[in-house]
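Two complexes follow with subunit A in common, the first pairing it with subunit B and the second with subunit C.
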Partner chain A sequence: MPPRRLLASRPFLVLGLLLAGWFLVPTVIKRALGISFFELQAPVHLAASHVRDLQDFWSLRTRSSHDLIAAGRDLARLNASYEVTLQQTETLRREVARLEALLRMPTLPGYRSEPARVARRDFNAWWQRLTVRKGRNYGIVPGSPVIFGGGVVGKVTEVHAYTAVVDLISSPTLRLAATLEGDTRPLSFQGANNPAFGPARGIVDYVPTDASASEFSPRRIVTSGLGGVFPAGLLIGEIVRLETSTDGLFKTGEVRLDNRLSELTEVTVLVPERRD
Partner chain B sequence: MPTSSVERSGSLVETHRGYNPRLLVFHGVLALACLGVTAGLAYQQLIKTDIYHDLERVQNQRRVLTPGPRGNIYDREGRLLVGNRPRFAVTLNLDELRGEFRTEFLRIRRAYREADDRNLPSSGELEQIARFTVVQRYLDEVNRRLERAEKLDGQALTRHFRRQLLLPYILVDDLHPDEYARLLEQLPVTSALQVYTTTARHYPFQSAAAHTLGFVGLASLEDSPTISLPGEELKTFAMKGSIGRDGLERYFDEILQGETGGTIYRVDPAGYRVNPPLVRRLPVQGRDLVTSLDIDLQLSAEAALGKLELPASAVMLEVASGEVLALATKPDFDLNATSPRIAAGAYQQIDAAGGWYNRSVKGIYPPGSSFKILTAIAGLRAGTLDPDATVNCEGVYRVGRRLFPCHDGHAHGPIRLAQAIEVSCNVYFYAQGLRLGAERLAEEARRFGFDQPTGIELPFETKGMLVPDAAWKRRFIAQRKLPPDQQAIEERWYDGDTANFSIGQGFLLVTPLQMASFAASVARGETRTRPTLLHDPARAPLRSDPIGLNPVARAALLRGMEDCVISPHGTARILNSPALRIPDLRIAGKTGTAQVATPGGTRNLAWFICFAPVDRPEVALAVMVEGDTPGEEFAGGRYAGPVARDILKTWWDKRRAAGPLSRATAIRP
Partner chain C sequence: MRRTVVFFLTQFLLWALVSQANHELTPWGIALFLGGLFVGLSALTFDRREALVGALAAGFLHDVGTPLPFGTHALAFAAAVVFIQHVRHRLNRHEGLVTVMVILITNLGLFLVISAVALRLLPDADRLTSRVFSDLIASQIVLALVSPWFLALQTQALRLGGCATSPETAAHG
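Showing the complex of A and B:
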């Protein structure tokens, strides 16, 4: 029988051998394993998401017919108003196209809208992410902007076969070029270190010194369109605090983000259209 | 079979002496050695600990200094004249690329070995190639995103590695806001590539008051007096700061200079940074400066001078306080061309045009007939001039054997003081000057401070102004070391010198700023006006010795100056023409046309000094325009007068819109 000391050290020995083995495995295999791990994990998330949808469906089935008819009526009205807005947008789009042609201006790159259900939310102190139920199968590419009815959601950072990971604007790893609404000067927006369950906040930098904002008189910031990722004019949030930086050149401040960011169930991915 | 020692000794008991006196010596030696080591350790640990601690700090810590932004400069109404603009640059934090450099180094070395290249570079050269390759890769990425074609300077990169490893390496400087917005959005937050912001001086009014405001140059921060960061003994990496090189930027550099901030980092043995920093001090912006300049008047003065396309100067003062409202010099230059540093081509271009020269405070010129006001005051005070007495002007005045011509060769006939000022009669003032004498005239000029700098808050104000007299001429000629007989002739003070002196010609030299101060003093009925470029709404009115004229004499003087503008024969009558007249504004002025001998021939200088309104003076003005063509007729009224008129018009329009000034001018007899 081997000595007790050898027996006691066996787990460490095995761990060491495994680590050494992993170290010796070629990088390509390691990378393939990593990707396939996520791809194998994704169906679990997708299945859970579909189960949640089914759960919602059955919970709605418990509602009375009267409630459903009322909701259907509200929805029809909403659709009608959206239809009007769509027509107005289409008219404006044509007018913009006509003016661009008249002035011989280059057409700005367009985006294809791709609605996607949220499969998973991953909020912690280091990052704030969503996983959506569409990926390469719908032509989504990394860097695609993601929006919802309240403005910007974030940016696609990883794309897998059937899912994509979206970095939320509340995540400190996301930064974008913004402007104050009604202004053209660019400023920097970045997600702050947000608590997992607290209200989402961001920070702004390089704000012109003539701008002011407070909790009682907030100032909206929108995407600038200058960064090349997000189209212009999408709502990011509201600046609720501004103070002059020590160099006196700019102001820095805090941005209050939409509370719905943490409970999104459906988002739209703007897939950049290829210009061939 | 071996035998035991017991058997050999024949004794069954093994004896052992536990104590051997000889071992005591070794014990002692050992104890001493231990004591020595302990003492040595204690010495190193307890006594020399501070020294080693300091050595360790110096070896393992680095200090990075960041300049504080300079304070702003405003005009008297709070409009920004000099500020700071952000300069965006895309930088690369080299110390974050250590791993990439190593990987690239190995890759290149492997490639050489696989190719069996015998010219394998040395390890140091391979390191440089690897660094260059990695940094070039990042620059390519920036170029791709910005659609630029920036190139990497290998020497600069090597220098940066050697001397400034802890400072971010600037890949592309002075980004357009669109470009920096693009990089902000497209670069990952954790990338070694980052958008970096520094400040550069910004001049919203471009060339306005260029000579007065001045400019800054790049300077090392290591000698900055405003460093509040500890660690002077540490190896320091300093970003470039700025220092005032000219104008207010130089004179008030200590006030405007921001407080230098910085960071102290721990570094590893290779010199790469270990985050987070040990100490961090944020830079603080310098204090602001509120000048007395009024940018509306300044722009008006520069626009009026600019129309002439000649070297010229215009100075406007507030009579009560001496505050400078406008201080303009042409030719000038766009201050933005000096920020953050001036290009050699731009410097030479400005230099060739004479743009660096601040004529208002550095230029010394004969004041010509505008000096006749002082001659009149001197005569009136000395009692040699009766304002009602006449002098017969026949067009020339004989001094010894020489005939001195009158203004334009006119024969004015019998003429009194007021009229002599109005038509600028030389003969009248030759006679008065000779009656008074050069010494008393010089004394009066010195009383008004013509022999001293004004003391304005600008660097390099000339000290070359000159009030001549006989003693000065003797000294001056003696310096030329002429032959004795020639020296005896030239060093004498002649009546001709006095005649020239009395009409502001000859050896007399003044600056345009002095003439504006003189006009302000006359307007206030005093002798000295110290001009200032600082605005203080609570500043007490200036006080100096009274001018010493009785009301009759003063009235005659002012009547002559006002007639100079409004009379049909006045030398500044152009200001009363329908096109140039300023409604409801009474101006007291005096023109001057001085001659300057140049190698190319005699050139004229056009002068005009004035103050307004006559009854309650608020502003005083001096305008000087240099003629560029020898022998050309270049009258002060025709050239300098309209410039003064444009400035006064701007002032008067503002004045009427704003209501009466709070700072009243007290006129002293």
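Showing the complex of A and C:
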């Protein structure tokens, strides 16, 4: 009976109209809706992050004063070594500036370091992302590189009022130019399969055929500085397997990433400095 | 209207809990996806318009902060609602076990749809399939464990909010 059939298919008609309607909605409205929902969620991430900080604070309060004295002593030693490194860096910076002026070379891009707490980690089969507790309020811009003590963390992909979203190097959505440490030939790095209960991995392509690496003699790869996003020389990971590609022109391989990537609580965003 | 707001608040609570669980699970390389739980009760008991509004709101909560095109989760959740409402008259909706089974099957379908969309947009998708299955298995196990609690919480929240909860009073679609 046609009317009954029509009645039965009405929900699907509604769904079809909904689909068609959604595709016709202007991008501006979708964007506004997305921003609204993100800012609705942001306080939850921020509150949870602050609660975790408070938990850490109170758990540290239970430590004995002896532990505190020992930690203070270690910190003083570290500070002393960093003071020396800072002085050396300043001397090198002046030398670079002098040589640039002498050779009339364009200056290298500068970055302002912005430490940020991690509010949320979202690592699933499809992507690996972090939300950090700083956004437009600290001048963070999309595309800013993000690093930590172990090297590259990823790249800022979205910036909101008080938070920013970072794509991790373990995420298949991120690709960047790299080189073998001590080499200048560029190769391509990309996030890859992140197995359950195992460390994150990446893949490298276009590795020169004379390069070799294995689980027992891994080769470190660093950022190449090409592309202008990441400064050169930042550690990405270690190549633990290399094999010749199907065309025989290059090698492809697997990269072991830092285990600490999955437990990050604090990162540093490198905000490109404006050249006025 | 009140029922939609109360229902959205319970969805928001669930979303916040799942987000925090996923945050803590990152060192183990496991992530949970409980999409079916966001649409299960509304699809089985609400009328079409309310259930669709609930599904779209829950979908938008999932859509932000992902690299997928905005609206992917929302449309998938809406489609799930339409399919469940199409067959719900054949199901014993008063039975808790039936509701949980519907949620599990819906979650499986949503996970596969989202995976298909995500993997189509990602390069070298074939390398990611093993992780997809481990996440799916973990999600289904957790879903089976938490569904009765969350359904009870939603029902109780609707009752406290002075909203109709039974299918007879709620379902017109």
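As a working rule, the second predicted complex is superposed on the first by the 244 of 276 C-alpha atoms of A that agree within 3 Å, B and C clash if a C-alpha of one lies under 4 Å from a C-alpha of the other, contacts with A are read in each partner's own complex, and residues count from 1 in each chain.
Everything that follows uses one rule, which is that a contact is a pair of C-beta atoms (placed from the backbone, for glycine too) under 8 Å apart; a residue touches a chain by one contact, two chains touch by 3 or more.
All values reported here derive from a predicted model rather than from experimental measurement.
Engineer: Once the shared chain is lined up, is A:Q190 touching subunit B (first), subunit C (second), both, or neither of them?
Structural biologist: both
Engineer: Mind working out whether A:A177 is in touch with subunit B, subunit C, both or neither, as first, second, both or neither?
Structural biologist: The first partner, subunit B, only.
Engineer: Report for A:Y82: first if it touches subunit B alone, second if subunit C alone, otherwise both or neither.
Structural biologist: Neither partner.
Engineer: Going by the contact rule stated at the top, is it subunit B or subunit C that touches a larger number of residues on subunit A?
Structural biologist: The partner that reaches more residues of subunit A in the superposed model: C.
Engineer: Where does A:T131 make contact in the superposed view: on subunit B (first), on subunit C (second), on both, or on neither?
Structural biologist: The answer is second: A:T131 touches subunit C but not subunit B.
Engineer: Regarding the shared-chain residue A:A48, is it in contact with subunit B (first), subunit C (second), both, or neither?
Structural biologist: Second partner only.
Engineer: Just to be sure I follow: which residues of subunit A are touched by subunit B in one complex and then by subunit C in the other one?
Structural biologist: In subunit A, residues 172-173, 175, 190 are touched by subunit B and also by subunit C.
Engineer: Can you check the complex and tell me which residues of subunit C touch subunit A?
Structural biologist: Contacts found on subunit C: 15-16, 19-20, 22-23, 26-31, 33, 48, 52, 60-61, 63-67, 70-71, 74-75, 78-79, 82, 85-86, 114-115, 118-119, 122-125, 127-128, 130-132, 134-135, 138, 173.
Engineer: Under the touch definition given earlier, write down the residues of subunit B that touch subunit A in their complex.
Structural biologist: Against subunit A, the touching part of subunit B is residues 68-69, 84-86, 145, 177-178, 180-182, 184-190, 195, 197, 199, 258, 261, 282-285.
Engineer: What does subunit A use to touch subunit C in their complex?
Structural biologist: Checking each residue of subunit A against subunit C gives 8, 11-12, 14-15, 18-19, 22, 30-31, 33-34, 37-38, 41, 44-45, 48, 120-127, 129, 131, 157-158, 165, 167, 172-173, 175, 190, 192-198, 200, 203, 262-263.
Engineer: Across the complex, what residues on subunit A touch subunit B?
Structural biologist: It comes out as residues 172-177, 185-186, 188, 190, 206, 224, 226-230, 246-250.
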